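Below are two complexes that have subunit A in common, paired first with subunit B and then with subunit C.
Up next is the complex of A and B:
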């Protein structure tokens, strides 16, 4: 193999969407290990406290161009990575390349071609299995609506109760500072879809949720799933079959 | 685990069940019954502190427990930052949430001895808070948890001691690795590695891997170049080492490997000589050596001539050790009362010194005079004449703490504080 030869490469004309993916991951972890396969790019990571988990799936179709012949791990420090990505402007086309001498090349091309080259990291971390969970509640809503509800709750408390019964999804919090309740339903137009197999209710920490809803910048629609005392699953759909999924563990009462 | 770490034999041959762990059977069964009690809701302690020398299986026991009891393991290592904020963000957050797969969880904070030396002093109080708030079992490991600052933490934990693993057991484990790797070995070489590890299984495995270095054979000559390594030894082991040595050199060696300062060592020996030595002639000789060491330490303090320290150390170690006339016997050592008392009375001494400084400044005397001559009189005034006391207190600018100390009686203190407000 030629030293410095390209082993993996993708390009995206919309730099904004890639930036929001990286931002979404960086809410959970400091160092990311992407796995590139011929089918696409993915990542699964857990925050150090094992309370939140993120899963990113970007199939080949998500990218404008995508070349990968064998599986390869792409480990990066997200802080550094984000700083470099911020140097790209909206008109730039973004390309990422991994070369055989274990360097990651980040290329912005517009009129000029600017390229950064950073060493890949060999990231320590156990392999995490995707949790196989069945949920009693399934809801689809505008991510903006959910973000507002979370912001409301965080004025009052450190944790929020999410419950669903019949055709109403309720997001509520109470504490020394008072009480807050946000009621969402298909009838009122605040939910696109709600399916409740069994009335459910669970409590989650707001300092994680506040970070996670920031990913709503990447997607307008959010799918929310949960069951009583089970993790909360938030999926954000990206264009061209890309997806970001978060899992958040429930609080012990 | 990074790809480099996967290649380490300590990871490759890491036990996955309790039976595979060599040594420390008693400690492991003690830990198992505690954690079973915890999951049944009958445990007396919310936390356990596994302590003992490095590389004997403390962390491993917890890791295996997480496999055997199907509990999620949330771990904070010595290499992580462990300020109050970090412990709150990781360990405390984990202790308040269920896991993803399993409803059980174990929270492990490794090598807590390091927390005292870190720059952020909040680490220790974060650990205490962690035990209080956690809904899951909390486990700490430490080499030496006997620093007085750990006292409160120790009282909250089930203390489980781990010992160095016997050399023959280590040889057996090394043989197993060699067979699995297809290495033909000289048993003497394995024995050399095991003896040299002084009960530290991890370092023995690492040494084996270093010495083999990709070859398929291991001879005694391949391992001879390994020297003896210095390791940090907890206070109890230093004492045991000094008392059991049969040569001056061996006794002296123990101070090189310990973190104890010379004056701490003096206190430890002072307290434990009568526990170790029963024979009156042994006592005479040991205390004779120790008192001479003390004389040297006094001279060092006055003259700042630190070259004398080696004489003091020799007297403390070799001198005390050579006092023995009977065979070494195993006894339980105790924590020096003097260090304990000083720790306890620290806040009182602080208040006294602050009062003395105020008197010294306002009355133009030395603070020593203030302590010895003014303070006793102030105490009498403060307990008998509240008006005069209030006057003095406002003149010298005493705070509530100082008034409470001088009166030693809450109702009189209140009266004085009330008068001062007028």
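Up next is the complex of A and C:
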């Protein structure tokens, strides 16, 4: 193998979308371990307290160009990675390369070609399985609507109750500071779709949820799934079959 | 028979008057000084029956050392030097602002009968390698001069007040000459918040020299537009020891000009701990990323053990104290006393019932997390053992927890492992402290994603 030879490479003309993916991951972890396979790029990680999990799936089709011959782990410090990504402007094309001497090259090309090279991190940790769960509630809505409801709830409490019955999805909170209730339905136009197999209600920590909804910058549409006293699953759909999924464990009284 | 009667009579008499008993003395000199006829010294014990039968010789209370004897020995060492109407000595520097009768309180400098570098006498940050005996020894040499001051109507022409303020602002020991209206006497002050203090006397006149002001303290003192809480932060970030900051605050040297007020020593200690830790928590720690694992820290200080459990979650904080039978604050002979206070992410809305130690440990914790650039939910358990025979002040907690953070933590992947380890390091049964913990109750309500992943066989 030639030292410095390229082992993995992708390019994206929209730097903004990659930045929002990295931002979304950095809400719950400091260091990320992407896994590149010939089929695409993915990541699965839990926050240090194991309360939240993030899954990123970016198939080959998500990228403008994608080259990967064998599986490779790409470990990066997200803080440093984000600082470098901020140096790119909207008109730049972004390319990422992994070379055989374990360096990650970040290339911004427009008129000039600017390239950063950082060492890859070896991130230890056992492989985490994805929770395989069946949910009683399925909702599709504008991510902005959900983000607003979460911001409302966090004015009042540290916890939010999400419940669904019939054709209404309710997001509510109560505490010493007062009460708040946000009602969403297809009829009012605030939901795109709601499917309730079983009336359900669950409580989640706003400390986490507030961070997770920041990922809504990456996507306009959000799919929300949950069951009584079970995790909340939030999926943000990205263009070209990309997806960011969060799982948040409930709070059970 | 006659002897028995005599004894009973004697015990009755002692019970009524609770005076000193010569049997408690080891050396002949001590015995002479402690002659029961000497009306100048009396010893009070809260546990009359037990002390009467023990008389310091049998350790009936379970303490390895008799606290009464300990105090007495220290006192006798300096008695002749300090029971005078004129005292010359170097204040470490140290001052005391009383709280009884507030706003009319007793104020004054603390002065030992020694000239020279007495800095360590009021510098608890440097006491962690000393024994209880050594600490009591130096503290009982400090005579607490006092004169009345109305903290709300400060009379700036009061020369004694001016001298006291100069002492408090000095960064080096201050030579002082004091005239008392009567020789020092009264009670030795022992308290869970304030470090021990010796006898006191009313001051008629105090003259100080060799005042050496610290430039940072001087700058905040002369800044009449700087709010008190900003001034505290400025001193803290410039590495002024907490004990000095507290002294400067107590003499009313901080804050916006017209709002400046003297603060009783007891309140100023808690005010400094709570204000600085609140600001560090809200302005820095809550913005830091979480730690990446479960951690347990440990330290031992003067018969106290501190166990710190850090959990990778957003800020929450709890301080639990476990007092063994026979310790300073638990005179019960059989039962362990346990109590604590907790704050969720948003902080408390009421004063912590267990008092200043809660804030002292919170200061040690927030300054550590600030330095590390991290955030965590933190549970601290303090066990006070019988070796902790006398209350020495809240600095024991601040320095004990700081000492824990100076050590390397043990790191764990799961909460269960961390709690198991912590349990093994504590004497109290886990069911007691875990049952007491509101923080753990909160943490347990929150499920983990791992609870929903079926592990591969």
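Worth a mention:
Going forward, the second predicted complex is superposed on the first by the 253 of 253 C-alpha atoms of A that agree within 3 Å, B and C clash if a C-alpha of one lies under 4 Å from a C-alpha of the other, contacts with A are read in each partner's own complex, and residues count from 1 in each chain.
One rule holds for everything that comes next: contacts are C-beta pairs under 8 Å (C-beta built on N, C-alpha and C of every residue); 3 or more make two chains touch, one makes a residue touch a chain.
All figures in this text were calculated on a predicted structure; none of them were measured in a lab.
Considered on the superposed subunit A, subunit B and subunit C are sterically incompatible, since they clash.
Contacts of A:118 after superposition: neither subunit B nor subunit C is touched. By the touch criterion defined above, A:30 lies against subunit C but remains apart from subunit B after alignment on the C-alpha atoms of chain A. Of the two partner chains, both subunit B and subunit C are touched by A:131. Contacts of A:205 after superposition: both subunit B and subunit C are touched.
Applying the stated contact rule after C-alpha superposition, one finds that A:247 touches each of subunit B and subunit C. Counting the residues of subunit A that each partner touches, subunit B and subunit C differ, and the larger count belongs to C.
By the document's definition of touching, both partners, subunit B and subunit C, reach A:231. In the superposition on chain A, no contact is made by A:192 with either subunit B or subunit C. In the superposition on chain A, contact of A:49 is made with both subunit B and subunit C. Of the candidate stretches 149-157, 167-175, 185-193 or 293-301 in subunit B, only 149-157 runs into subunit C once the two complexes are overlaid on chain A. When the two complexes are superposed on chain A, the residues of subunit A that touch both subunit B and subunit C are 48-51, 53, 129, 131, 133, 205, 231, 247, 249-252.
Note for the complex: subunit A touches subunit B at residues 48-51, 53, 122-126, 129, 131, 133, 205, 229, 231, 247, 249-252.
Put simply, subunit B touches subunit A in their complex at residues 1-5, 72, 74, 76, 80, 89-91, 93-94, 96-101, 105, 135. Put simply, subunit A touches subunit C in their complex at residues 30, 46-53, 128-133, 158, 176, 205, 207, 230-231, 247-253. Touching subunit A in their complex are the following residues of subunit C: 289-293, 311-314, 344-346, 349, 445-456.
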